[in-house]
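Each structure below appears as structure tokens.
Look for subunit A in each of the two complexes below; its partner is subunit B in the first and subunit C in the second.
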Partner chain A sequence: MSDKRKRRRPDPDSDSDTRPFKHLLKPDTTILSSLRTLASSSAAASSSKTLTLSDLRLSAACREVSDLPPSAVQSAIESLAVSLARSILSGQGFSFTVPSRSSANQLYVPELDRIVLKDKTSLRPYSSVSTVRKTTITTRILHLIHQLCLKNIHVTKRDLFYTDVKLFQDQTQSDAVLDDVSCIVGCTRSSLNVVAAEKGVVVGRLIFSDNGDMIDCTKMGMGGKAIPPNIDRVGDMKSDALFILLVEKDAAYMRLAEDRFYNRFPCIIVTAKGQPDVATRLFLRKMKMELKLPVLALVDSDPYGLKILSVYGCGSKNMSYDSANLTTPDIKWLGIRPSDLDKYKIPEQCRLPMTEQDIKTGKDLLEEDFVKKNPGWVEELNLMVKSKQKAEIQALSSFGFQYLSEVYLPLKLQQRDWL
Partner chain B sequence: METGGSSESPVETKKPKSKTPRKPKESALKQKSPAEFFAENKNIAGFDNPGKSLYTTVRELVENALDSAESISELPVVEITIEEIGKSKFNSMIGLIDRERIDEALYDDFETAKAREKRLAKEARVQEIQAKNAALGKKVKEQVAIKAIKGRGEASFYRVTCKDNGKGMPHDDIPNMFGRVLSGTKYGLKQTRGKFGLGAKMALIWSKMSTGLPIEISSSMKGQNYVSFCRLDIDIHRNIPHIHLHEKRDNKERCHGAEIQVVIEGNWTTYRSKILHYMRQMAVITPYAQFLFSFVSDTSDKNVSIKFARRTDIMPPVPLETKYHPSAVDLLLIKRLIAETSKQNLLQLLQHEFVNIGKAYAERLIGEMGPDFSPKMLVKSLTSQQLVRIHQLFRQAKFDDPSGDCLSPAGEYNLRLGIIKELHPDMVATYSGSAQVFEGHPFIVEAGVSVGGKDVKQGLNIFRFANRIPLLFEQGADVVTRTALKRINWNSYKINQTQDKIGVFVSIVSTKIPFKGTGKEYIGDDISEIASAVKVGLSILKNFSRLLEIYRLTALRLQTSIQQCCIQLKSKIVKKIQAREQQERKRNLSKYIPDATNAIYEVLKEMTHLHASKKRRYEDKDAELLSKVSARLITKDTLREKLAQHVEQVDYEMALEYATQSGVKEEPRENIYLQLLEAEKDFIDFHGPVFVFRLFQ
Partner chain C sequence: MSDKRKRRRPDPDSDSDTRPFKHLLKPDTTILSSLRTLASSSAAASSSKTLTLSDLRLSAACREVSDLPPSAVQSAIESLAVSLARSILSGQGFSFTVPSRSSANQLYVPELDRIVLKDKTSLRPYSSVSTVRKTTITTRILHLIHQLCLKNIHVTKRDLFYTDVKLFQDQTQSDAVLDDVSCIVGCTRSSLNVVAAEKGVVVGRLIFSDNGDMIDCTKMGMGGKAIPPNIDRVGDMKSDALFILLVEKDAAYMRLAEDRFYNRFPCIIVTAKGQPDVATRLFLRKMKMELKLPVLALVDSDPYGLKILSVYGCGSKNMSYDSANLTTPDIKWLGIRPSDLDKYKIPEQCRLPMTEQDIKTGKDLLEEDFVKKNPGWVEELNLMVKSKQKAEIQALSSFGFQYLSEVYLPLKLQQRDWL
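Let's turn to the complex of A and B:
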């Protein structure tokens, strides 16, 4: 990187533009060519066949779910219902065998670079005070899913909750059981015909079809296109982008969309506005798999930023049973990294001290396998925990609102500064 | 009310006007009496506004009453009455004729024509809405009467009366005890309730400022055949009592105690809850006292009358007066001790005026002070430099910690009883720590945690006590609050911080807890000059921060105390949860039967439809079941019954298991206290270690 700096050419704007590091920027064509090499190497790398769990022959048995057609889900529920009815009629009450989704039952597989679920299960009997509620909710959800499959319609999690508010009491309960049901039936959550409300948005050099309509994401205005909840209706992805930019926050996304960053450097910009939902994760994976583009992530420089990054990359513990479909391999951490705070001289007043909780989360993350496998990440995280400082993407606004899109990101790309 | 050695009760105060107060020579420099200082800065004594003044007056009188009764080991009975006095009644009391308003527009609350128009329109609108609601058959709650606009100067007045069964006061001392600020004899080092060096006098100053009416005291001591009656007010500028009437009356009932009556401006509406809270918390920390609180006004629906009954007859011992610990004194205090001591030489001074300095240790200390000190040197001859040297050495030398013997904590037993008595909690645990030391002052922390109860709101309810008086104000910043909120993980004790009704009680007793307001240790009884008055003000501020410091130090202690209580509670709670589960198991299990069976049945029914229409093929075994469903051999009710049977069986098995596990043992019951029907004692108790022999006369 240092020799690159030596080769920098005088910038005619450097006198008028006082923004730091602006003078380091080379013309866009140079940056673009470096991006092109990245894109082609990424395409070459991902052309090799992706590993699956069965290829590995792990010692511990693991549980994975697959996409099932509605009829298969339906018959699975039906045979379950018959067995439950038999059990009741024989005077035994009834119980479910639910795969455990606790953190003790999770396994990080480095070869796959994602979290998978081990095969521990727990019994959920009706006739126990501690599980009676959950068991009842599970039967109720099974019934509702059965109806959905029968009619082959999609509803949102909220819809599902409102069908029996009195029993479910609050949505977290019905949502949790929904994941249990996925595990019991052995299908992905989308196969249950239940989707989450739209949360993620995408903008940039992407054309795809949503339920038959062609969508051009460069012509979606400033807000971009909401990522459709039913990934099975998305297809025909086409793009001339060189990379996908994953943004943690809505604010940074808006800045980039308004500045039409994707026209200067052809890219696709995606955000899930915080913790990613299933639809965004599925969409990102689909883009990566079909377009074979490198994914660069722009997250806050705090433990939660890295956590969000890890959810895209390795999956969440809550939905590890479906990590095969939800994770996007090989996401690069572009920024804002703890080392950037000093490198880009972000002023003290824009940095925040980490709370005790933050530091604890940071230290916990250092213990996680998916962080450990990347020495660069460990180094950055160590630096964060040691300096006890965090900064949001917005901290860059201290150099002007457009610093992010006009200086920081181009410079980062030019220096190929990602991990 | 203490009278111990009232050396300062000059008889000449009976005609105070004839005597000019001792004043330094006349000059441009103006001087203020302590009474004036406190009249101007009455907020530091808790008289910030009329409402707070009413509250502070009540608490000062109650605390005095308790102290008075405890000093003669009498179980306190305190009656406190607040009587609302209307404006016309007040005017007639002070002999002012009620005047009708002639020039209406002169007054602040005069309603202009425009305002009236507005008001009438609003009232009409309200009526319209009401009529509409009534027509729709909606039940409307009683419309709150539109508040009369209260003009400026429309003050409310209250007569506060406090009656106790305490020691009473010597006839001749009464004027000085009430009419002279910063006079008193209890300035020694001792755990005391608080502000009473100033309190009753501040109430008098406030009454003089707000109503101009005098204070009335009647008091009788044990064995006196008369009642002293005194009506007086205070000459604020000279800080001397101004006596209206001082006489001895017949004591027909032969009772002892004091009754104090003062008329002040106040605000019952806004401070009602504070006053009631105070009374309730006082009842918690002093379960051996009986309180009668009543509020009387013209409108009878506002009247309040509460009796806080006695729950025990065991009183904590009277706190002992102790000597200063060498590490607790400052330069000023050393000077004062030297001025007051009867000891002649330095050795005796060290040995007798401080705790934890023996003769041998005193000699070592004097040796350490330097060559110009000797054991036999006269204390009066010590120079200020030498005093500084002594002070320095006191700071640096090592002394044994003072013992907590001089303290009188409420006691675990009393705290527990108080909590049970006033809150009726489902569970209670108490803990008493051992004595700790801060800057030479011993302190003891006691804590209690309760769960459930009546009139307790959900979440944390914090009750703080310092030297056995409740602290009500500025709770948020308090370390007790913070400890309970942040440093205790209630969940680990199976207590739900937001749902359960948790009571946290923390009582700290010490020889020095400076209250916000007035710290009595620092107010010397010789203070009569302005310079000192200002110093008092400063030391008050200093004391407040000191209080926080003590709290900070005790925070850890508090945490362990509260945790101890929680640990006690946890086992109880677990047992209780089990017992409750026991009771509710069947109900809970049965509750969900319809939901669960309906869901399963619905799926089966769908299947039979599919089966019948041949849309789907099922295995033979399944098909058999489905045909039973379609033949209505298996219905919703069959499933329901079968599941109910199963629940019944499970419940029976678990009940059996519970019974064998827990046995028939039940929780130990609390002892109850039966109040004596007749308070009169006509027996003598002989206490032995294992028995009490009661001799009836």
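Let's turn to the complex of A and C:
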């Protein structure tokens, strides 16, 4: 530290101790010990059995998919084919029973803090003008997935679409049926070997294997390691971190990576660079589950920041059938919180006025169960909507480029200031 | 191979030898030897001195910036400050001389195959109502850059903007002045320690150091290594590859990474996932320069694919002052080329009709010097505009998911089919 401080002295407006709240900072050892208690309590919490639908006697009323190995998906599709053949031979005809994914069939389960799918299903008969196309597409997708599992290779939704453009016509149709197939087979979309384009990066105190290669994320420089698109080839996670820092934005991630924040406060830093993609959500969950570390989220102080946090935490509506595998329980909202704007004296000119749309989104969020169940979040969100002000993480740069990594975050951790 | 083939036999429509042109494939050894000749010839070419503006007697008429270490940028800014003070004391007042970056001041130099900036400059006086704001912003940016170089930390344009929102008002203003400052100081934007958000990934036969950590890109699994935002901390590149495969799209990159294409044909696979970002362009150039490897480009068969290729090769108009450092000379257009659509019998339904906008973009490209100077490209582009058809790399999936990595690319390499 001291020599760093020396190196930085020439810079008055961002580095003398006049930086707001710098003087409140205790020595790192103090902060670290409080983080250790956080980590151990979180480990204890995780090790206590997590509730399932059956615990809540909901397994009949609700539907969830699970991770299956390619061989299992393969045989599931084969037995489905057999049963379809039987039904045809017995004169029952050819039709799929498809779980409904409409919002009317979705349910937020507070005990699980997740959106899940209810058990409503619909029939998709081949012998009907209205469904013959979709039935054909479903059959074709099942055939393609069967091939993928046989070879155990991974492709994107786009690849899938192009294998039969004539039939699918446009990608939205093959995408929609792909989700249907997940529900029919009862497995996650990643079990189908169809992956999303990778987008996230990870850096810090984590070692894991990607497709057989051991990756040490403390040795990934500033760029970090791109999060693999296929989670089923990720494993052997090891870490001496005390927490996982989930960052919304690329710029904040870069600042922390360059300053090697994870060496001052042992942590794993991960970002999806904006909207969470499936690969990053799966990776975050896997880290949380295997390492039993607390997850602290650093997002913009606007409705979308909280929305992004909620997608990691409770899942997105359109993939609710997969929520159990995509969501990471118990994510703490570290910042930037609406109350921080005044608390940390963010200059007026660095705050942005909320648009009508922003305010509407904020009010909608206040109606969401996953927000309601957290009084602290409701309070913060109310404050945001009332003040009609938002701010990006980068707004902290107004106190100097390294204010985020040298003052704001350490102070937040020291004060255990998360919700 | 053989066991792979066994594993794949159950899949008729993508893997029996009925796949178009599969039978034309010669053994890999044959293909590899032809690649070796390509690599050595490219090395020879690169080692022959590359032309500079001064070689062409253009150094007076044209302006180019160069990479400078932070200390050099720092002292450049300091001496600029001194000369400004002198000018004020001598009654000449306070004004910057700013090179013009307007398209009128841009020039394509065929010998260099680059867009460069001509020498037109404009005065930016403080004592003028029309320029006082911009002069103030310029001064402030110079001050902030001076700090960054002093500390040698990197920030994004967004960070820079937030350090003084009151003055900059919106980011376009600080961004524009940032480019001015590059030209004034005569250094690249990355020398200013202002970096773009990272976006690209690299995988394959490459070892390099990122911020002091050694990275082995053959051990990066399927995810690959995220390309670092700050090229000045990248170094020690080593490789046994025969060529660099520049891929436009994420999905194609993933296919090649999962199939470990780089082990069958030693290469380095890199993608910016769409539009080339500065970090990826700098990284590609550094690889080309240090490893002296040929660069083969795999892009969509549409005007934007060629446009992207041209940005890597000849630079973008709005950063022409930096073209010497951002562009990679002599990139070969491997595919997907308009002539491939018929040659490889891409099914009609996998081709897309070009929109009016597409066709216009195509025709505009035909007017560009960097296209004109390559007869092969002109021919292909004419064919595209005439046929009014485009196709994505993924269109090859219609012959099976691995057609790209197992047939199309090997055949292209075998036939040395690049322009």
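Heads up, the rule we're going with is that the second predicted complex is superposed on the first by the 345 of 419 C-alpha atoms of A that agree within 3 Å, B and C clash if a C-alpha of one lies under 4 Å from a C-alpha of the other, contacts with A are read in each partner's own complex, and residues count from 1 in each chain.
FYI, a contact is a pair of C-beta atoms (placed from the backbone, for glycine too) under 8 Å apart; a residue touches a chain by one contact, two chains touch by 3 or more.
Every value quoted in this text rests on a predicted model; they were computed, and no experiment measured them.
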Which superposed partner A:Q92 touches (first subunit B, second subunit C, both, neither) | first
Max touched-residue count on subunit A (subunit B vs subunit C) belongs to chain C
Check whether A:V129 is in contact with subunit B, with subunit C, with both or with neither, and answer first, second, both or neither.
-> first
Is A:R158 contacted by the first partner subunit B, the second partner subunit C, both or neither?
-> second
Would you sort A:A45 into first (subunit B), second (subunit C), both or neither based on which partner it touches?
-> neither
Would you sort A:V82 into first (subunit B), second (subunit C), both or neither based on which partner it touches?
-> first
Scan A:L150 for contacts with subunit B and subunit C and give back first, second, both or neither.
-> both
Touching both subunit B and subunit C, residues of subunit A | 147, 150, 164
Using the touch rule from the top, collect the residues of subunit A that touch subunit B in their complex.
-> 75, 77-79, 81-82, 84-86, 88-89, 91-94, 126-127, 129, 132-133, 135-136, 139-140, 142-143, 146-147, 150, 164, 167
Sort out for me which residues of subunit C touch subunit A in the complex.
-> 7-8, 10-11, 14, 147-148, 150-151, 153-156, 158-166, 195, 197-198, 201, 209-215, 219-230, 233, 250-251, 254-255, 258-259, 273, 347, 349-350, 392, 394-398, 400-402
What residues on subunit B touch subunit A, complex-wise?
-> 581, 584-585, 588-589, 591-592, 595-604, 606-607, 616, 618, 622, 625-626, 634, 638-639, 642-643, 645-647, 649-650
